[in-house]
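One chain, chain A, links the two complexes that follow: it is found with chain B in the first and with chain C in the second.
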Partner chain A sequence: MTSVPLVSVFSADDSTKVTAKHIPLPAVFQTPIRPDIVSFVHTNIAKNRRQAHAVNPQAGMQHSAESWGTGRAVARIPRVSGSGTHRSGQAAFGNQCRKGRMSLPIKVWRRWHRRVNIKQKRHAAATAVAATGIVPLVLARGHRISQVPQIPLVVEDKIESYEKTTDALNFLKRFGAFEDVQKVVSTKVVRAGISKQRGKKYRVRKGPLVVYFNENAKLLKAFRNVPGVEVVNVTRLNLLQLAPGGQLGRFVIWTQSAFAHLDKLFGTYRYASVLKDGYQLLRPLLTNPDLARIINSNQVQEKVQPAKTTKVLHDVQKKNPLKNTKAMDRLNPYAKKQRAAAVAAIKANTKGTKKIKKNKALKKASKAAFNKVAASLSDATKAAVQEEQDIKVKYFSVQKGAAQAE
Partner chain B sequence: MSQKKPQMQVEQKVPENIVKKSARDTKLREAVAKRRTERLAANKTRRAQWEKTAQAYENEYKAADKNLVDSLRKAKTEGGFYVPAESKLILVVRIRGINTLNPQVRQTLRLLKLRQLHNAAFVRVNKATIEMIRKVEPYVTYGYPSRAVIKNLIYKRGYAKINGQRIPITNNNIIEQSLGKVGIHSIEDLVHEIVTVGAHFKEANRFLWAFKLRGPRGGFIAKRRSFINQGDWGNREDLINDLVKRMI
Partner chain C sequence: MQIDEVVWQVINRGHCSFKIKTISQNFCRNEYNVTGLCSKQSCPLANSQYATIKEEKGLCYLYVKTAERAQKPKELWEKILLSKNYEQALAQIDEQLKYWSNFMIHKNKQRLTKLRQMLIRIRKMRLKGFKELIPIKKKAERRDKIREQKALVAANLENAIEQELIDRLKNGVYNEIMNYNTKAFEKVVGQNQVEDEEEREQQEQEEEEEDYSDEELIFDPNDLEEDDEEDQEQDDEEDDKRLFQKQTFNQLRRDDDEVKDVKKKKPKVKLQYEEEEEVEDRKKQQIAF
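Presenting the complex of A and B:
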């Protein structure tokens, strides 16, 4: 037997006192959270409260305007007939014309409402109810619930008999729900735009939603003047209230009997719903959503292969082996020996070449010739030559000294 | 109230999944290290093998050269003639672009792997290929490549066709994977197969992508004329090497 999450029912008078300790959570709260279904259903159902509106069918068309045709140096748009006024001869009827009718005038027979499959609507409602029991979602929606003792908040049926708004307010204060009401009050703003002149002056946030069961409950009157608070019977749960704006996670306060009724309304995973004919709660795609645990389990790890290399053959840069020795040696290990052999061959060849011998011989001969000439010079020339040599030596030594000093 | 609270005995418990993960990681690391040592050892033997075969080929080439020279000399001394065997291998270079081509010529060039200007490809010489080349003669120039040119082409411009992709031949694994089963394990083996037009020339040549050469430094003479007529297209026998050296 798997364990079922349990919920406490709180006393209406004292938020610390618990009248029923462990009530099982209705199966609705276990349905998978499907924001995609909710947003789809919400966008369509939100259209169903719309009232038809339309543009006056005669607007812009109450003229006997006719086109002047071609040949009169004016555009061919229909022009107002008659004379004696500025308006005559002006363009009319077209959507581009001043005072003309709009293009595609709105008709009352526009399709205002949308039908949604019943099953989808029911799934959306179930998901929305489930989301009201998830603290991060309720927080993310923007409700101030940090002082609320428990989410989902279930209270004994006593609040259904509240008649006075003061009782309602005190109740909310006791259970930390007043912070949410304060938020609603403090953030009431005048709406931007024309709609403020059309009966929607203020933008008001949503506060807690109080869900009751007994039809004779008086709490509607007690709670309805509290800003932001909405009251609804559990048999008439509305997606537009459970997920306002298509956003999951309304802060909901359940009465005990309403909470208990949820199982009959939505059914459980064992039994189909009683009141929604043939409706069965949505089943999750994953029974165990803990992916980290699944991946690290023995069953998966036994079959896991080592990571494949993502190195691709064509991404290696080609280096020219004829120039790049490393690339060459990688391809042809014998190349190293070939290079060494080539170098050795050159050296061996050049050691006793005729050319070098010839060069050496030439050098020797030229030196001998020079010495002969030098010997036959007169003393004066010798002295002059010597002087030049000395200057050169001095010059170069000075240069050297200067360089060293630097 | 003044008594000190006893120190809580905290056992150092390691979470189960961390223990499992570390055990698994150690096992993987050991496997990787083992594979690495095996791979390195295998590589060593393979490299020794490549070196050996490369040396054997070098000796073979030297012997072939010497044989040619000796034969020529012998013929000269005897007062006769030595005619070396006709080349079994042709290097074809496309010298015309893609515009206004006869469809048959287009198709034949495609069959010869010459899809682009200045593409070069090796072709075995037989009746079938001779006929093909004759068909596309005005659009290509061809001749008998020397060993050095073949080697340089494959080393510098050698790309392989693997899974329909053009992969640079950067190491011998690439050759081993495709041509290992026909006995070509290294780039020197590949060069040897092309040079000697061996038993597996088909596989070796198919393995090679067409060589994409640059335009010749110094230019063509006149592509509109045949080589015989002081132009460029057609058979230029051994002089293909001078051209391709300028195009590599």
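Presenting the complex of A and C:
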């Protein structure tokens, strides 16, 4: 992780002044970021604060309704007994009915709470703490930290003795955390929905989370009235506060002692946690998560085989070379020239010739030839021909006559 | 560098407060984004080495972010003033972002060009002035229009003009006699004398034998059938006008004396009232017959 391995502790009175220059970053901040674990744990843990509620078990059932059965031209749903009121004869009891009981009415013995494996919960908390040290994640979550001198922000223990809210406010202003508080103030909205009548009138954003160590610290009261700011002891870090809404990257302000305590709480990669019995920080799958860098590194590229070119076996669609000239040319390169030559030949042949006209002399000659042939025919054939001609004449005359008659 | 990949996965798959999703495209609301789009290359959060151009009071600045300052949000962005000369500014970008990815350099230059064009346009508009578009508010427009019409009617322009002209006439602005409509002139001049005349008239009439003659002058017994006071008054006015016109004409013939201002008298009304009663009685008598 490129999280700064060394962190400066700032003076409570002066944001430019650094009281302790280089403190090593607790190993928690090097935990792999696992939004999946956080999401899972958060959805389940969020259910643990729920209070049992239920629908009145008698709701919709306080009738002596009975089905009228078949044969009455009405649906078979139970109907309210009695008479003298609109309600009588109306459908009752079903979830589909008006004024009927709901389907699967909520029972008090619904399983409201979820248990999550301790290890999972601890991993989630560790990841959430790690995420508070990554600037882009805190920004993406929506905190206004562009004026904060350092993330993670560690301040000397003096703030634990703040009693006045003015001190708290001034402290926040000095460290550029006031912008976040202002965001909270300006975006306070009346909640939509019925909840506003049930004690949740406003929707308020989350501001900075102040983490302290000493149990006698008075800063709780000092920061209590600042909108959006939450105060929590290191030993009781809450995932619901570190990753509100299951979203990583809360803006956290640590006191020096709280910061130092984190190593004991979560342990390091060298030794297991002291306070969380046997808990060992999650190890990353990849020490270097930058895949692009790995792939493009010299070591990998050396071993990588050259990219394969795809070989085209055949065309997607077969073209007929007898019809498709290009397909023909591909098979027979000489075809192009042949075609050209044929065209040229035709042109050459037709160069001197004129159009053939029907010659009168020719016609006469052909007729004479015909007569000659006719003369040489036998009598039988002559008679047959004559007959045929007569029929023809008759036919045409009839036609003519008919036409004239009309 | 190492974290960038992780950050991008978390932001892109999960929730990023700067991301704006539309049907076709994703935008980035982050003020330091070069392109304005949400993508891994142009995400200012997911790149520890990043540069943008931002404009401030007509000057372009190059903002540069490096991995070394990643943990210090306050000092994160290094602000470099770019030259006002376009080519020099491009050269500056090249110099500052030397050995950076081509994408970053290219996009920064593009952004610089865009911003400069915008600034040019702003300057032009300021100098030449531009037509500011104001929306038409239908309701307001409609309302004002109607009010204007009403005001026009209420102003009584013609009357006001008329009065003004009359005053001028009286004051002697138009000393030389000009062509005018005699009737109108008499009417105008006579109006001042009307009240005077009315007084005298009434006095004369009272001295006469009967009141009925007055009525005849002022009322028509026929009109009384309608039994409306208003109508009667209107008829009165018309008759009065005719009468007064006659009188003024006579007056003109007689004198050119100045007319004193006469207060409005209401004996006419009284008279009417009395006459009305009498008339009604008479009417009854008539009916009886």
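Going forward, the second predicted complex is superposed on the first by the 298 of 406 C-alpha atoms of A that agree within 3 Å, B and C clash if a C-alpha of one lies under 4 Å from a C-alpha of the other, contacts with A are read in each partner's own complex, and residues count from 1 in each chain.
We adopt the following convention: contacts are C-beta pairs under 8 Å (C-beta built on N, C-alpha and C of every residue); 3 or more make two chains touch, one makes a residue touch a chain.
All of these numbers come straight from a predicted model, not from anything done at the bench.
By the document's definition of touching, of the two partners only chain C reaches A:G176; chain B does not.
Using the contact criterion defined above for the overlaid structures, shared-chain residue A:L322 touches chain B, although it does not reach chain C. In the superposed three-chain model, the partner touching more residues of chain A is C, compared with the other of chain B and chain C. When the two structures are aligned on the shared chain, A:Y334 is found in touch with chain B, with no touch to chain C. When both complexes are overlaid on chain A, the residue A:V135 reaches chain C alone and has no touch with chain B. In the superposed model, A:P35 makes contact with chain C only, not with chain B.
Contacts of A:Q147 after superposition on the shared chain: chain C is touched, whereas chain B is not. Once the two complexes are laid over each other on the shared chain, residue contacts for A:P289 go to chain C alone; chain B is not touched.
In the superposition on chain A, contact of A:H314 is made with chain B only, not with chain C. Touch criterion not met for A:A342: it reaches neither chain B nor chain C. Shared contact residues of chain A with chain B and chain C: 292-293. Across the complex, chain A is touched by residues 1-7, 9-11, 13-18, 45-46, 48, 67, 70-76 of chain C.
Note for the complex: chain A touches chain B at residues 292-293, 296, 298, 301, 306, 313-314, 316-322, 327-328, 330-335, 337-338.
Those residues of chain B whose C-beta lies close enough to touch chain A in the complex are 17, 20-21, 24, 28, 31-32, 47-48, 50-51, 54-55, 58, 152, 155-156, 159, 162, 165-172, 174, 186-188. For chain A in complex with chain C, the residues that touch the partner chain are 1-4, 32-33, 35, 131, 133-137, 139-142, 145-152, 176, 247-248, 288-293.
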